[in-house]
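First the structure, in the form of structure tokens, and then the observations on it.
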Amino acid sequence: MQLAFSAAEIAAIVQPRDTRGSTSATIRGLSALKTAQAGDLTFLGNNKYKAEVPTTAASIVLLPADYAGEPPPGQLYLLVENPSVALARVCSRLEQTLWPRPAPGVHPSAVVAADARVAATATIGPLCVVESGAVIGERSHLEAQVFVGRNARLGDDCWIMPGGCIATECILQDRVRLQPGVVIGSDGFGYEFANGRHEKVPQVGHVVVGNDVEIGANSTLDRARFSRTVIGEGTKIDNLVQIAHNVVVGRHCLICSQVGISGSSTLEDFVVLGGQVGLAGHLTVGRGSKLDGQSGVNSDLPAGSFMKGTPCLPYQLEQRINVLRQRLPALFHRVDALEAEIARLK
Amino acid sequence: MQLAFSAAEIAAIVQPRDTRGSTSATIRGLSALKTAQAGDLTFLGNNKYKAEVPTTAASIVLLPADYAGEPPPGQLYLLVENPSVALARVCSRLEQTLWPRPAPGVHPSAVVAADARVAATATIGPLCVVESGAVIGERSHLEAQVFVGRNARLGDDCWIMPGGCIATECILQDRVRLQPGVVIGSDGFGYEFANGRHEKVPQVGHVVVGNDVEIGANSTLDRARFSRTVIGEGTKIDNLVQIAHNVVVGRHCLICSQVGISGSSTLEDFVVLGGQVGLAGHLTVGRGSKLDGQSGVNSDLPAGSFMKGTPCLPYQLEQRINVLRQRLPALFHRVDALEAEIARLK
Amino acid sequence: MQLAFSAAEIAAIVQPRDTRGSTSATIRGLSALKTAQAGDLTFLGNNKYKAEVPTTAASIVLLPADYAGEPPPGQLYLLVENPSVALARVCSRLEQTLWPRPAPGVHPSAVVAADARVAATATIGPLCVVESGAVIGERSHLEAQVFVGRNARLGDDCWIMPGGCIATECILQDRVRLQPGVVIGSDGFGYEFANGRHEKVPQVGHVVVGNDVEIGANSTLDRARFSRTVIGEGTKIDNLVQIAHNVVVGRHCLICSQVGISGSSTLEDFVVLGGQVGLAGHLTVGRGSKLDGQSGVNSDLPAGSFMKGTPCLPYQLEQRINVLRQRLPALFHRVDALEAEIARLK
């Protein structure tokens, strides 16, 4: 990342309440407090790391407004309401540099069907395929090697990174962002066992991905058996997540990496699933529920549940049981001893 | 999905035993009982949802022959032996519309080696790569951006969805279907630790995928260290599954999403693995065994096992232990109380 | 795999200490002891399989120097110091046949930016995309359909298999090998919840993959929020692994399939993670630690830890608890009985 900001430019971005010290360094990198070097910008985002502030080698430090210390010579403190937010502003500026708006148009190496409708403001990158009847909305950007199948529809301002696949009939609404290698609209996993073999149940539905959804690299979302697999507005999905057929994910959920959601299950709005969580099929996780990493869910959960373990239990109970579990060897000895005592007493 | 069927056309497809009521609606969608609207076809596939039949807004309802109720005006009941099978027939009809047989031939943007042997009836989609010595059988269809490596061989009627990779020397037999992004023939994960580093053990075997196998999106099957990694006829593999080197999967197995099978393990025929199951290496799971989701297997299992948990135990025992586990806090209190009683008695 | 070696050629490769018996067969395959046929080479790599040696149908058997038996007529024993190492030598020879060095140059179907710097000795395969400012080092080989984003840099002797994606600004050092479908540099999964929705935290760092790292098919490595996600020299990563933003993996680690490492966690050198292990964020696993498959880690682990379970415990303790856990039904009965006895005694 080639960046070069003066202290004054950084200050213009983060709008500090106050400043202490000064630096003449050009900021060329962002770094954590501990690993920062001269020329870096750093920040105190979590008070856990407060002790690292006095010794950081960074040239500029973003600090909360109530931070008490003074910088050494050549170092600048910028005191802000929220250092994480201030850093995010710097990063947003960098983001525009890293990923500038591409010029609209279709790369000559792309294969676009004559009857696909590609907005004039959209960008179709090299070696993309856009099939018959597909629609690409205003300012949407397909990076390289993306596949958009027959009659699939992308709304406005979508951003599909390299190697993404949006299969036949699937729909992305507006501002959907797919990281590289995402598959939207693979067949659901449905078979009927008959005559000694698994006969395929046709999977003829599609997938609808709502506004402002982001989906992580190499995640897979299956088309419905019929009707729709749905991802609600604002939901964010991490890498290598599996969403099975006919799943309905509500709005503004967070689904961490390697989660698997089995067929026809429903997440209501604002659900948070930790990494590697697994959900059985045909169940509902109520609004605002949270599942700790690696949990397994095999029954409905009411709204506001906070669960952990396989099969999952209320978080505090699971924590308690995990402590007691470590005392099982001692417990068995205690019961042995009790039995011996009873035998003696009899 | 653009569909438009009259009630008479649907009846011609499902061949009902009996009908009740009538509708003049054109069927434009399929939906679940609860979410169906006028113009939809729905069905009662699971008696769990029986109470939703009287209030469904669908125009046509597929029902079991012994269903007792009468439809409201404008709604048609089609009474069939098995509503799920009847629906599958409708879906099969739709499937042909959604994925019409492609015209044979090689897309001009595909890169096909001069000495690859592509059947005249096969279809090679845009931006595919077929390397030297590869063979593509009759009527096989590579969608867009598929890679077929040197000397890889696909049989007849295979269907490889976008982005699939069938690496050097790997073999797909007939009617193999790969969902998007599948990797067949990545190197097995084999290293020998020597001189303070992991030296690669060459992986020079290949993968053989049997007739009628289907593999889900972004799943990965490693080539054998030498000889073959094998997937038996009729086996169905879901998305994001990992099959390590030298694994042998039997015939007609079902492997759900995110399962991982470690090197040199064997599944005999008709094994079913739930989602996120993990198998250690060099073990055998006997014919017809079933593993519940998230189970972990680290030893051989005899034929007909039904297991759950990590490390897995017989299903009923694991269920029982999971109940008792929740009573551990009470059990510790009971043992505390017993110890106090004993102390008093002494 | 088309191979054809005479017994003399095999002997020249493995340099046996001693030989017994003889064969005139041409070696056309490698196989395990049990499944080998005439014309195959096999080996005794693990004494567990010693009983299979006398009945193997292979034409040549690689055996440890102290092996006592005699081969039947037409079979050749090659007695070597380490049969696994000897086999690896044969496989290395095969590897060169299977994957011959490609000719340098850029395939005419590849899309390479005018200002990308591609070494004259590098090979850019068909339908690759190399964007502006990217650097491809000496003898590096991009197979088909690989994507290298703006300013990404690959060192010398890298090998990127089909469908790999190395996104903007990411760095691979020398001799990095990526199996098919790997994604390097997807966005980290970072959001701040504000105004009822998850606002994206810009992810403007990159990924640095050290010398001699190998990464398995469809694995995903997220770019840092800022600064770097790092994979240390010599580390080997299996298929479908998730490495989150700002993770630092040390040197010579082994990370098995489907592992997930959450954001900002650190593995020190020589750590081994079994399949499907999950690590929470912001923690450190000390040098040389080993985690058994499916373990879950939610706190720092000191160097040399050997752990198992979720949440993980020392391996022996977890094994002990897993045994006791199976005795919980009996334990509850024992406590029931003790309570009855106490009641009687009172």
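Going in written order, the chains are labelled A, B and C, and every chain counts its residues from 1.
One rule holds for everything that comes next: a contact is a pair of C-beta atoms (placed from the backbone, for glycine too) under 8 Å apart; a residue touches a chain by one contact, two chains touch by 3 or more.
Model, not experiment: these values are computed from the prediction.
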Quick one: how far do you have to rotate chain A to sit on chain B, C-alpha fit, nearest 5 degrees? 120
What's the call on chain A versus chain C, same or different interface residues, using the half cut on shared numbers? different
As a quick test, compute the distance in whole Å between the mean CA positions of chain A and chain C. 25
Please output the residue numbers of chain A that touch at least 2 other chains, ranges allowed. 109, 127, 145, 163, 181, 218, 240, 258, 276, 310, 325, 331, 335, 338, 342, 345
Flag every residue of chain B that touches chain A in the complex, lowest number first. 1-2, 29-32, 35, 84-85, 87-88, 91-92, 94-95, 98-99, 107, 109, 125-127, 143-145, 161-163, 179-181, 212, 214, 216-218, 234, 236, 238-240, 252, 254, 256-258, 275-276, 293-294, 309-310, 322, 325-326, 328-329, 331-332, 335, 338-339, 342, 345-346
List the residues on chain B that touch chain C in their complex, please. 109, 111, 127, 129, 131, 145, 147, 149-151, 163, 165, 167-169, 181, 183, 186-187, 189, 191-192, 196-198, 200-206, 218, 220, 222, 225-227, 240, 242, 244, 246, 258, 260, 262, 276, 278, 280, 296, 298, 310-311, 313, 317, 320-321, 324-325, 327, 331, 334-335, 338, 341-342, 345
